[in-house]
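Structures are listed in the sections that come next.
Each of the next two complexes has chain A plus one more chain, namely chain B in the first and chain C in the second.
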Partner chain A sequence: MINSKVAVKPGKPWAATPRERALDLGAILLAAVGSFALVALSELKGKLAYAGVFFLLIIVINFIHNYLSRGIATAKDSIASTFAVAGVLITLLPITSIMFSIFERGKTGFKLNLFTSDMKLNGPNDPLNQGGLLHALTGSGIMVGIALIISLPIGILTAIYLTEIKGFFTRPIRFLVQAMSGVPSIVAGLFILSAIVFPITKTPSGLMGGLALSILMIPTIARTSEEVLLLIPPDLREAGIALGGTQWRTISQIVVPAAKSGLMTAIILGVARVAGETAPLVLVSGGGDALNLNPTSGPMGSFPFYIWKSFTFGTTESIARAWAGIFILLVLIFILFIAARLLGGDRKKK
Partner chain B sequence: MSTTAPGAKSATSTISTPAKREITTKPRLSDKVFRGVATTGGLSSLVILGLIFVFLAFQGFQVLRSEGLGFITGSNWEVVQDNVGNTNLEASQFGIAAMLIGTVICATIAVIIAVPISVLCALYLTFYAPNFIKRLMVALIDLMAAFPSILFGMWGYFVLMPHAEYWAQLLHKYFGWLPFFKMDVDIFERSPFVAGVVLSTMIIPIITSVSREIFSQTPLDRIQAAYALGSTRWAMIKAVVIPYGRSGVVGGAMLGLGRAMGETVAVYTVLNLVYQINWQVLIGAGGNVASMILLKFGEAGPTETKALMAAGLALFILTLIVNSAANVIVTKTGGKGR
Partner chain C sequence: MINPEDQDPLDKGSEKMETTTPSSLSSVAANAAAKKKPGSGALGVGLEARGIHAWFGDKLVLQNISLDFWSGTVTALIGPSGCGKSTFIRTLNRMHEFIPGAAMAGEVLLNGKDIYESGTDVTKIRLKVGMVFQKPNPFPSMTIADNVLAGLKLAQLKVANKDDLLEECLVRAGLWSEVKDRLSAYGGSLSGGQQQRLCIARSLAVRPEVLLMDEPCSALDPGSTLKIEETISELSSSMTIIIVTHNMQQAARVSDYTGFFLSDGGPGELVEVGPTSEIFSRPKDIRTENYVTGRFG
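Here is the complex of A and B:
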């Protein structure tokens, strides 16, 4: 009763005080000034020199400061944290550079006619307001759709086998699924080529592209679904069995519906995984320039193939086309990814 | 199995214990079918991997038999045709040693660059980062892992390659006395080093997320014990996290190696494929099995295509071995904590 009258204000003794923050900022400024001075005075030049000298100076300043104020252990700790921050910054560098350069270079070629016409009458070198990637959009959609139709049942059945049935093969299958996710994409293309295209159909087509993509998609879907199914509490399964349900009914009517949003995430990640695969499609899909909605006959264009073809053509116009294509591809992957995140977040709330 | 009705006998004689009820778990037909179907689906990965091996071996068999061991020890790729235009298998030479070694060199450079960066990044994300930075970075790194390889290929060619060539010149200037940084000719363009730099940006997300997962499984009691004994964060990491996570990081690095070895398009754009074994990584001449397949495929005749199938088989086996080893290491490390 007495204590309740004393208002104890919770503090954060571990948080940095204004003085410490000012000192940190001072160290950064000092290092920045120092790096400019050193680069100007010495023979070093270039951005790399600035970055390197700045990094070294930060380490030295922090080390001396911490050594004088708190001793050698803290000084070593400061070096380690500087390195850790540097690691993150270097990781961020390519991500930001990729996004920035794709946006920057993609916007010149980004015209509305991209979505309304194909390249039947145009070469990659034509002006950007002619031709488009309608054929690539539909082709990629059809091939990814075929891959999804094949991989979804196989992937989810694999996940169900690994989490629900747990038979004699559980460990080897888990191992093999992991091994399968490392199969190089070009090997998947060669496999479809050697197993189906050469002996049976003789000609490349969209269906073959879909089959090649499904080989790359199965492990992604299987592994993500397995993780999702493992998150479903065992109580649900026991409740289903206790109510007299068979295993089939328990899984099909309780476990899988409960994991629905997670399985959607698995599908989305699988699609994102294969949407940009280039090498197998170059080998087996034929890569036509005209709109082709029939996956069983004739070459079928696709997004990666369109980018690939425009890029290897090598003129200014065609490279602008490639950047525009890659810009749209990146936006698609971005949307898929955000959708997966939202669905995944949904799952955690339940 | 019938039990006597209570009260019928109780008046008469001794209390007889009822016979033990037999418990059986006899699955119904629906369950049998379901388990069969799921098992079949589960075994599909085995079937697919097996089929890949069988078909590539079948298609490449002719070339493999005529070349023998020379297929992986020789460095010549020469298609000899007779005057009708048919390929003469005996006179032609198919050897992928230069490409295999080139693949390993590029992937190794990538791993050497990527591992320190990824490990530091994973350490920061696990032990230093405030929560919101951590969530943002994890999302970004996952996104980067999903970027298609053609994106890395184009970005690498137009944006990163000029920088990487400059770095190569610096390396040659200051470390040129090292045997593998030596230059016999001054061609810095499209070297294995450049390809390795581009590949390293591709595998940083993979190694980072594997390392992060391993680090976050470090037993909490050991971490707290280290702090309670007065260690700084770095001392704790050195004494607890690194010994615990070391082999997991090795596994992650090998996963990255496997991915880098199988990469096709990103390497194709930034590497100058030359048919010779080249240990001087800064010179613009390297090899890569996957890119070589893509390069040769367009104009390959029937026999050369079979040789390419055999090269694909070699690549498949190589990546399978590396990936399997990596997965064994990662799985062993994970799960022993907490």
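Here is the complex of A and C:
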């Protein structure tokens, strides 16, 4: 046998050569220089003008470059890719800009005492090393927790009805769930206010906040779970039934476990949907400044309420507090998403 | 829910397991011997289909099929695509009704009792008449071991020794030697042929009397096909096997009886049924001859 251990090395013959890369970079530079020149020479002004001219130039330059080197099909393709890249940049721009400014402004107010004290004894003019948002952190946690406890079974059972059990009510229920997911959040707050707070409890509380949030959370969980369950191949249901399982045993032992990671994502999406809701909580949770761990009585603070209230005070300190609150809320949601990805993605590695 | 106490065949099964030796091979042999014993009913008709008609919506897809399946034999159902073979075997364990718009007429007698009789617990029927599908479909959320024992979990049955049952089923499906060291790996990590044998092992765990196989090898390579055919001949001594196949060599290799289905654009009909050697050497119907010799279909 020929000793092939040395002779053949793995390579990537389809990868771009240094010359091609240099040409691509050259095209970008040319478009950049061209856009500066055109903006300077013409009546156009502002950042948007630079971006627009650069975009048009890069399309033209790429088209000519690809047409000359590879032909018309590749040249047309390059236009589509340029638009796709532009789309990505336009999407990323506001997101990164928001993240950056929140981090930038949030860091002045970000002190460790935020996590240990509430605003019971502190006013808007107090220095930043006094007071905190412990009441908002616990309040949001409790209310979102209540909403989750209510919405999780209802949402998933609704999805199971829509995809597995089916029946006469499938269409109207699907329609209702879709309509509910478009309900403005203040309507959810008003509903709880007029249906429960005014006639029954008379006072706002954390429980009422949780109920209002669950109205927003149920459709999100139900719709996402429905999509997830629809992806489970029908073979598995047939196999379960053919093995002598009842429909419910098949759903609970086969279908739901197979959809576990997707259902986890549905839950996280539901939590993320309501974690930043302000309007219903302003109406029904009372939004106190003091730490309150009892959801059944007394006003309960929350992140969005804390942020809103701090901004309306308008002092330097309270605005710094508000930005710090936004920053922490964002980080928490971010952690939640990463956790969902990790929990949901474990199957593929095995 | 099934109460194990009023579940005779399965009860017998679990008792048998307690008394047999742990060694799976000898327990298979013991099982086979028990079934072959004269007078145990094993040599009678296991499953009888009488005048089966089937519809999807208004469309009649099967017309007047009557077939007897004998215990301890393999019956192959052959015929061109769309002639209703799969629909037919799905009427035999009441999977047909799982499809929206499905309807049927006729009787299917399991041990002399119509499985469509009102008041029948359909889950018990499916425990006695197991099914292996065209595409391997192991449960993705379960390990190999859990997949094999999934039927017990689904039907909430109790067995004395799960490990023995697990080994026995995998041995009978011809998969034990390949997976015995990785029973806790996920079912999806196996090759297509192994997955299909895992599905066979899974359907054996609830001790069915009849096993329906709907083109079990059509998605597999020749090596895996051969292994599954060996598994079928191994199993046929102890149960009734009905296999739908498009592969005529396969029908000739594994089956004792062959039924030929045909549809001339209308509903599928049973053209001819008989011992496999006769169907392939001197079929009575000219259409059967044309089909098995490859002149059409």
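The criterion applied here is as follows: the second predicted complex is superposed on the first by the 261 of 350 C-alpha atoms of A that agree within 3 Å, B and C clash if a C-alpha of one lies under 4 Å from a C-alpha of the other, contacts with A are read in each partner's own complex, and residues count from 1 in each chain.
Methods note: a residue touches a chain if its C-beta (ideal position, glycine included) is under 8 Å from a C-beta of that chain, and two chains touch if they have at least 3 such contacts.
It should be emphasised that the depicted structure is a prediction, and the values quoted were computed from it without experimental measurement.
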Of chain C and chain B, partner touching more chain A residues: B
Touched partner set for A:Asn113, first chain B, second chain C, both or neither: neither
Touching partner for A:Asn294 - first (chain B), second (chain C), both, neither: neither
Touching partner for A:Gly240 - first (chain B), second (chain C), both, neither: second
Partner chain in contact with A:Ile254 - chain B first, chain C second, else both or neither: second
Which superposed partner A:Thr203 touches (first chain B, second chain C, both, neither): neither
Residues of chain A at both interfaces, chain B in one complex, chain C in the other: 246, 249
Interfacial residue positions of chain B with respect to chain A in the complex: 27-28, 30-31, 33-35, 37-46, 48-49, 51-52, 55-56, 58-59, 116-121, 123-125, 127-129, 137, 139-144, 146-155, 158-160, 166-167, 170, 201, 204, 208, 231-235, 237, 255, 258-259, 261-265, 269, 290, 293-294, 297, 308-309, 312, 315-316, 319-320, 322-324, 327-328
For the chain A and chain C complex, residues of the former touching the latter: 233, 235-236, 238-246, 249-250, 253-254, 257-258, 260, 347, 350
Residue ranges of chain C in contact with chain A within the complex: 1-2, 93, 95, 98, 123-124, 126-127, 130-131, 133, 135, 137, 139-142, 150-151, 153-156, 185-186, 189, 199, 202-203, 206
Of all residues in chain A, those that touch chain B in their complex: 46, 48, 73-74, 76-77, 79-81, 83-88, 90-92, 94-95, 97-98, 101-102, 105, 153-154, 156-158, 160-162, 164-165, 167, 169, 172-173, 175-188, 190-191, 193-195, 198, 215, 218-219, 222, 246-249, 251-252, 269, 272-273, 275-279, 282-283, 304, 307-308, 311, 322-323, 326, 329-330, 333-334, 337, 341
